[in-house]
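Order of writing sets the labels: A, B, C and D. Residues in every chain begin at 1.
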């Protein structure tokens, strides 16, 4: 089977957007340099001209409003932020203008656009270069918020957004996924509807709803647990954070009775809260035990590597949660994966970025 | 018993802050004009000088960072926004700087400050002048977020913030509460710890967790239902949105088995979600029925009065929810309060603001 | 006086009379939303828009009535919008603060001060890319220039040489706060720092000087794709929001209004009275259209949210 | 050469050698966070800080090593911070991008470009209010001036006449993007638009011209409470982030570095070699302090969150 990296899929989606839709413009700080947004925009300026692929000054708020103005005028803007933290400078335009334009004007306007940004987690990024702010965006009616967890979902979402949809889409890519390889399905170039959630693993013992890189961690944890104990976890990739497939989640928990939410952001008012809301307002009695949440420590991100290690939940925490849920006790006594095994992926990361 | 309006209490708190703490500075657009932030800053410039009470240019982002710099230098900044929507321009400074400063620097700095802003709901304010964005702020570790629902909680919170606490506090006042009168307790000037939640009504049949003006609506609904059916609702004023009293909520629902969350914001990733998280991650089996959420329609706020009426939940929706929860059916057949009765308060509101 | 001058004065008077109608209606609560009146600022808006083509686009603020009408917005749809009716231009969802009329080029009005600078910039970029010869005009108050986005947009539109004219209505007030409390810069020097051509219109009641100052910049925007800043000294007759006067309030000079009114052609030019009847009839028809229209249904509430 | 010149050159060399030590250590992963080196930009930082008093305060960016050391930051605490140790100035929570040293006046370094303009403005306002005779210095790159907050802060500090000096290190690059792709304004004209005094330092290797240009503005800030903008033409020897060179990358002129290096006193002034041994010893001691220190405990994770 062919494989594809996350980086590769996004790169192809960018080129496709430029080739197939001449209204597409691509801009942001760093889209034309030799790094090219982690490689995903390399050479595009040369291929498509500097009118369509261009640098911007440091001006996140205005360049977001710029995207809206361009979109209203028939262009398809792709605006890229090298880190999601910088989107905080653009909240006004995103929330007050973009999310409201179509509704506020009674449907007179369409505002298609894609805002890509990257969850900077990697390595000593500290409090201002690591945030995973999906909850802030998903709270606001009027925008689609996605977090592609794989090459396939990233590709399909971007193709769909650019060619078949009229809505503003905010996508948070994850820094650590860029080098991951994924199986490449034959139907990959067929666009599927991406503004929903996907079941990525079947199982009957526990449901894991995961976002972004936590989907990969969940798959690794589930495989490990399966091997060690035979327990089978069902995994749902939430993917569209703002418009998840609520039924898929409810049906899974109806079957398993146990739920873990594994997210890249903070717990309060975050994805964990939202999933809890879906269950508790629809069928709280599907839960045979309290929901377990794996998310960031309730603090800004510390730079020191030692603290950072505790700050982020990982596969071992997931395995631990599965055991304590399924054996209904905190001190389940089961063996956790070795530190080496857990770090397998992240360990390969090297700075400075 | 003496009474006090919300406006009156906030005005007294502002004067107190200026009098008792000479480090206090008060600034924002409109703090010195003849409207004086709905009356709460009137005359303060004259009394305390234009160095301590001053207008700012339209520059929300910078004036928020300015507050941080002033706070680091030993001042106590009170920054006022006439509408919470404008805080979206300040998200960068609030989230990237203010919420992180103390932690990021290992506790070397204290950053006391109060950011007051007003939920603009009143009357045809539309999509950009009405938002209740508490969830965006409360998601971020490092800030206290409060929504005073009464004269007493507003006063006590501001006094405490200014005199006894070193943290950044974001307060969302509600436009429609300004003219409400509240009983004034004798101990009112004694500062109590305000970064928590309060039980404002005892009852055994259903728990209502409410924020801001929805606390008033809940009290009215509970009294109505009590009179009509004898059912007794327990009401918790969430008050500190970012640091609620989880035990108070859990204990109440353990008793009543039924929970309504009544909030001024959107449901997804909002207060409703957060309360659901608290229950579902701790004791989901206290719920004898799904949680009911009363919140904004999942849309920007429409300007047309007719649509606005449907957009906001009101006391009648609360009564309806209590009935359908307590009688365990949607078509409970009970009589709802008359439209006249429901509108009693809001109807008195007249524009242009 | 030329025919076109007469037409402009007539159009300005029409805007004035529309807003006077709003003042008359307002106490009855048929318009249940804030209104920010343009009274005093109509004529220059009409004069500037006369230099635009229908395909040129305009972005403006909550103080949107004048721009809406001057850019050809439909009066029936406007009143229905103010009344919160389904037949309003935006089905009542926009209201007074957010008028728009895309078919004649009004692309939106924001109640967030400064927000439209960048919308206009993006639209102008599209024009430049499409080489369609259209330009964009962005009409805001002077207070808006205090927001950082103004700097960002001036920089970007100068960098990319966009066909975009920022028109700044300097009425000396942001809500109730005078300019001296807010600005340490002169707009001219600021524009020049980006090498953006600038024009100042001292007399906003003189069509000739308005046109003379604005035309070269607008033509240069169109033919040479260059941004420009035009500042207009103007005066707001009414309170910031609402239909009353506030001349004797703190921060305002009670005597200034007489000076303006004395020179205001819409007041002093008695020839214009000839237009009043037909304008009144048109306004009454629009009000009648609004009154007769239905309120939106419940399913409108969740329509058009992504 | 005066004693004070010697001292400044020595201090600049010390910063250079500290960063060279970081380059040497970096591949071993003892410093596990991004580093933005000041190499090439040290001397003017030292010279400017020499005009400040200890109670004057400084705000700067992620490129914080030079400002930290020049403002008197402790070297042991710095290395421990880079190593992520409990003994670091911020217990390892800040790291290279966020150095601070409040006791000698470095009040913070932000990795959000432009964020510190307003922090500095607020701090300067406090000085003015307290009439303590202190001033604030805000040190950023030229890219930061593109953010709208720069306009907002220039306006406000001119309006309130704050004792505040914005120092802009113009190295012509924001990450890898040259100035021409980003800026249509000249900083001098921009500052003048707010009537803020401006000085340009052409030769960042010449202590005399730096001091001559900066001293009057700094003294005026202190004695007359006036803001100022100082722009310095400078050059970043290393890549934006990380410890390598990137001169032959797109957007950079590979030959420029030789021109700079040829004039760089830290390279050409052989007299300075006399300081090397003692500086090396000091650095080794700091590294040793960092190495021997403990990592933070688990309970540090949730400490100091409000």
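Everything below uses one rule, namely that a contact is a pair of C-beta atoms (placed from the backbone, for glycine too) under 8 Å apart; a residue touches a chain by one contact, two chains touch by 3 or more.
The model shown is predicted, which means the values in this text are computed figures rather than measured ones.
**Student:** Counting only C-alpha atoms to place each centre, which chain is farthest from chain A?
**Tutor:** Ranked by distance of C-alpha centres from chain A, the top chain is C.
**Student:** Indicate the whole-number Å distance between the mean C-alpha point of chain A and the mean C-alpha point of chain B.
**Tutor:** 31
**Student:** Can you give the whole-Å distance between the Cα centres of chain B and chain D?
**Tutor:** Chain B and chain D have C-alpha centres separated by 41 Å.
**Student:** Quick one: chain A and chain D, Cα centre-to-centre, how many Å?
**Tutor:** 35
**Student:** At which residue positions does chain D touch at least two other chains?
**Tutor:** Chain D, residues with two or more chain partners: 88, 91-94, 98, 110, 112, 146-149, 152, 155-156, 159, 181-183, 305.
**Student:** Could you list the positions in chain B whose residues touch two or more of the other chains?
**Tutor:** Only 56-57, 59, 61-62, 85, 89, 92, 96, 99, 103-104, 126-128, 141-142, 298-300, 302 qualify.
**Student:** Considering only which chains touch which, label the overall pattern as line, ring, star, complete or other.
**Tutor:** Per interface graph, the chains form a complete graph.
**Student:** If you look only at chain C, which of its residues touch chain B in the complex?
**Tutor:** Contact set of chain C toward chain B: 26, 29, 31-35, 84-85, 88, 91-98, 110-114, 143-144, 146-148, 174-177, 181-183, 241-243, 249-251, 295-296, 298, 300-302, 305.
**Student:** Enumerate the contact residues on chain B facing chain C in the complex.
**Tutor:** 29-30, 32-35, 54-62, 85-86, 89, 123-129, 297-300, 302-307, 310-311, 350-353
**Student:** Across the complex, what residues on chain B touch chain D?
**Tutor:** Touching chain D from chain B are residues 25, 51-52, 56-57, 59, 61-75, 77, 92-93, 96-97, 99, 101-109, 141-144, 167-168.
**Student:** Given the complex with chain C, which residues does chain D contribute to the contact?
**Tutor:** Residues in contact with chain C: 146-152, 154-156, 158-159, 181-186, 189-190, 192-195.
**Student:** Going by the contact rule at the top, pick out the chain B residues touching chain A in the complex.
**Tutor:** Result: residues 61, 85, 88-89, 91-92, 95-96, 99-100, 103-104, 126-128, 131, 135-136, 138-142, 242, 265-274, 276-277, 279-285, 287, 289-293, 298-300, 302 of chain B touch chain A.
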